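Labels run A, B and C following the written order; every chain starts at residue 1.
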Amino acid sequence: MLEVRDLRKEFKGVVAVDGVSFRVAAGGSLAVVGESGSGKTTCARIVTGLTKATSGTVVLNGSVQMVFQDPYQSLDRRQTVRGCLAEVLAHHRKDRSRIGELLDLVGLDRALGEALPRHLSGGQRQRVAIARALAAEPRLLVLDEAVAALDVSIQAQILNLLVDARAATGVAYLFITHDLSVVRHVCEDVVVMSRGRVVEAGPVERVLHRPDHEYTRRLVASVPRPGWVPSRAVSRG
Amino acid sequence: MRRWLAPAVCVLVVLVALLAPWVAPYDPDALDPLNAYAPVTARHPLGTDDLGRDLLSRLIHGARTSLAGPLIVVLAAGAVGATVAISAAWFGGWFDALVSRALDVLFAFPGLVLAITVAALFGSGFVTPVVALSCAFVPVIARVMRAAALRERNLPYIEALRVQGFSAWHICLRHLVPNLAPLLMVQAAIGFGYAMIDLASISFLGLGLQPPAADWGLMIANGQPSILAGFPQQSIAAAVAVVITVVAFTAVAERLATRFSGDVR
Amino acid sequence: MTLLEFENLRVSLGDRPILRNVTLSVAAGEAVGLVGESGSGKSMTVRSVVRLLPEGAAVTGAVRFEGADIASLGAAGLRRMRSRDVAMVFQDPRAVVNPVRTVGDFLTEVLRDQGVNRADALRKAAGSLSEVGVDDASRRLAQRPYELSGGLLQRVVIAAALLTEPKLILADEPTTALDVTTQEEVVAILDEQRRRRSVALMFITHDLELAAAVCDRIAVMYAGEIVEILPADRLHTEARHPYTRALLGSRPGTVPPGQRLRTVPGVPQSALTAPPGCVFADRCPHAEDRCRDTRPAFRGSAACHLLEEVR
């Protein structure tokens, strides 16, 4: 449903993304993981049209929406929850009455419809952002570190919500993240990026448990987990 | 009490200006040569000038032009400045670079000098200095607004609207402008004080309104000979009016600024 | 031997409580992790050690360093403690290091202040840099902060923290802004240096696993209180407080992919908004009336009324 082929992006001569290709099946869920400077966010922005690629092709069947990392700045501070959703629904020629359904879908109390962003917690704001993105009934949702800024207990709520929303709407996810445990939980396939290039790609199960590439191995090894001993030798290089 | 002083003074000055014909005790232009240089009495609370005109009435009527001038300046400069700033921030690239350089160049001209030069070249009066000063205020407002618009434009909520497929027009008018409006208001309020002083200076130099108009800057200038004659009331009263008004408006602007700075989130 | 001791520490700003009740001791050379979500008061707890509290904060209870109440320290004593005995490492190294001065200036500042001559100070600084794994120390000393990556700069900050040979390092989310691979490296260095020098460490993080990896004991904070303290190696087996268990259970990876994560309803509370009894009562799935009304005392490792019932 989304096919990205040989994407390349230069910023003033610096190559941010270099020969990146991946695809997302309808209703599928692909993670793009990498550390800062890996080019993963640039890929997301190219897919959503926020940034123009220097070369390469993006073929997309259907519409795309995006959820951003910072829940505090991804809503217009002057707009109530209802106002925000109504604006988007009107734009996509959808019925206003769907506001209630959308709030239910993302697990927000309907009474919060009149609330302004500053009255909402980070997790609630992120729910509004997801509702806004789903209002247009997109085929693909790009989530750019959408749970990274949230507290652990809230993160779990939002991850459950994302799993439920995909089951309910059939929307596909392109999940941009640095958090491998999130990848394991919500994605089927993963693309590992480093310095603008794809170093490894495949099913999550295979890539994260039997990584082929040295960098993937390092990435997997550096995630704190029970019994983990941090080592400075492993990550050298 | 202190919290309300500055806003109260602003409201009072504006009301007095609006209601001048009704609140002024005399016709501001009524000559009474026999009563020239009248001292402060119950009949003439501020005394009279060299032609026997009631100073309080002139001060009250003078509020009209003295406030209208700066108001027009900040409205015009605010509208043009904000438009220029938002379009520069929105389109970015070479357009933004061009606008920024142009603003820098304009910014290098002292507004007052520009206005004085224009008034000297194209004639004095009310309109010419106001237009010239408006032009001079555009870069001042536009520079601040451009920086704010640029910050705002890069916030995720604007990007989310772009991904939703809203037009640039819709995003700017419905989201960017309303969110920048508080800052614009603060800028205008601060600019108001400066514009008032600048226009008073132009009038003082004789390049603004001409006698017998009652204008605060002009009154300060026209009162000069009387100071030598031992009657400083006219210059002092007009100068005090300018100072109080400017201080009150600037204080309100500062207050608005601190209030809105907490409103960013 | 106890190095640092918090006893019934309460901090409030006006009538807003920030810390409700913190009792904790840190032994010399011990590493204690303070784990909790936003608003739990973990930063405020470590800041109270060096009296870096907001203007007008009212403190009751005591913080004792080497047996002396910090509140009784005069300006000179406080300055001495801040510059020699206790070092701090924050989340954002760029906010700590003066951007226009060289790394060498930053590292030698405190030593020079203590009367060490320039050549000795630079030599010690270079030594400290190589100990935290920064190669080519002499070149780094001449560089300015913008020339260094975040991970490298955080190592410079750790080197600076070690230079004065402190007895305690307070690390407030020192790796949160770093990539995971860099985090591993920085945490490994911190751990290694701490053990080698037997420096005590208070390590603030929201990541339970990370805390478990570098600390001896873990204190879990919620809404301005410590709700559970337990040995790091028994985190998974012996955590008893419902909040600790909720935190452990809500990480993806604890359940098979696709299954629902166990979540806690509601949002993290602060000391101001938490219920009067047990701070976790309004989100706890097991809460009873007494939880809402009476504050639970510490029994064994956790402050909870229901330790026996909830297993």
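To be clear about the criterion, contacts are C-beta pairs under 8 Å (C-beta built on N, C-alpha and C of every residue); 3 or more make two chains touch, one makes a residue touch a chain.
As the structure is a prediction and not an experimental result, all values here were calculated from the model.
Novice: Any chains in contact with both chain A and chain C?
Specialist: none
Novice: Give the chain pair that accounts for the most C-beta pairs in contact.
Specialist: Result: the chain pair A-C has the most contacts.
Novice: What is the chain whose Cα centre is as far as it gets from that of chain C?
Specialist: B
Novice: I'd like to verify one number: the distance from the centre of chain A to the centre of chain C, where each centre is the average of its C-alpha atoms, in whole angstrom.
Specialist: That pair's centroid distance is 30 Å.
Novice: Report, in whole Å, the distance between the mean C-alpha point of chain A and the mean C-alpha point of chain B.
Specialist: Taking the mean C-alpha position of each chain, the two centres sit 49 Å apart.
Novice: Suppose each chain is reduced to the average of its Cα coordinates; what separation in Å results between chain B and chain C?
Specialist: Taking the average C-alpha coordinate of chain B and of chain C, the gap between them is 53 Å.
Novice: Show the residues in chain C shared as contacts by 2 or more other chains, in ascending order.
Specialist: Within chain C, no residue touches at least two other chains.
Novice: Of all the residues in chain A, which ones touch at least 2 other chains?
Specialist: Not one residue of chain A touches more than one other chain, so the list is empty.
Novice: Which of the residues in chain A end up touching chain C in this complex?
Specialist: Contact set of chain A toward chain C: 35-36, 121, 123-124, 151-157, 159-160, 163, 178, 180-182, 184-186, 204, 218-219, 221-226, 228-232, 234-236.
Novice: Enumerate the contact residues on chain B facing chain A in the complex.
Specialist: Interface residues on the chain B side: 155-157, 159-160, 162-166, 174-175, 178-179, 263-265.
Novice: In their complex, what parts of chain C are in touch with chain A?
Specialist: 37-38, 133, 179-185, 187-189, 191-192, 206-207, 209-210, 212-214, 235-236, 246-247, 250-253, 255, 257-258, 260-264, 267-268
Novice: Contact residues on chain A for chain B in the complex?
Specialist: So the residues of chain A in touch with chain B come to 48-50, 64-66, 68-70, 72-78, 87-88, 91-92, 117-118, 129, 132-133, 136.
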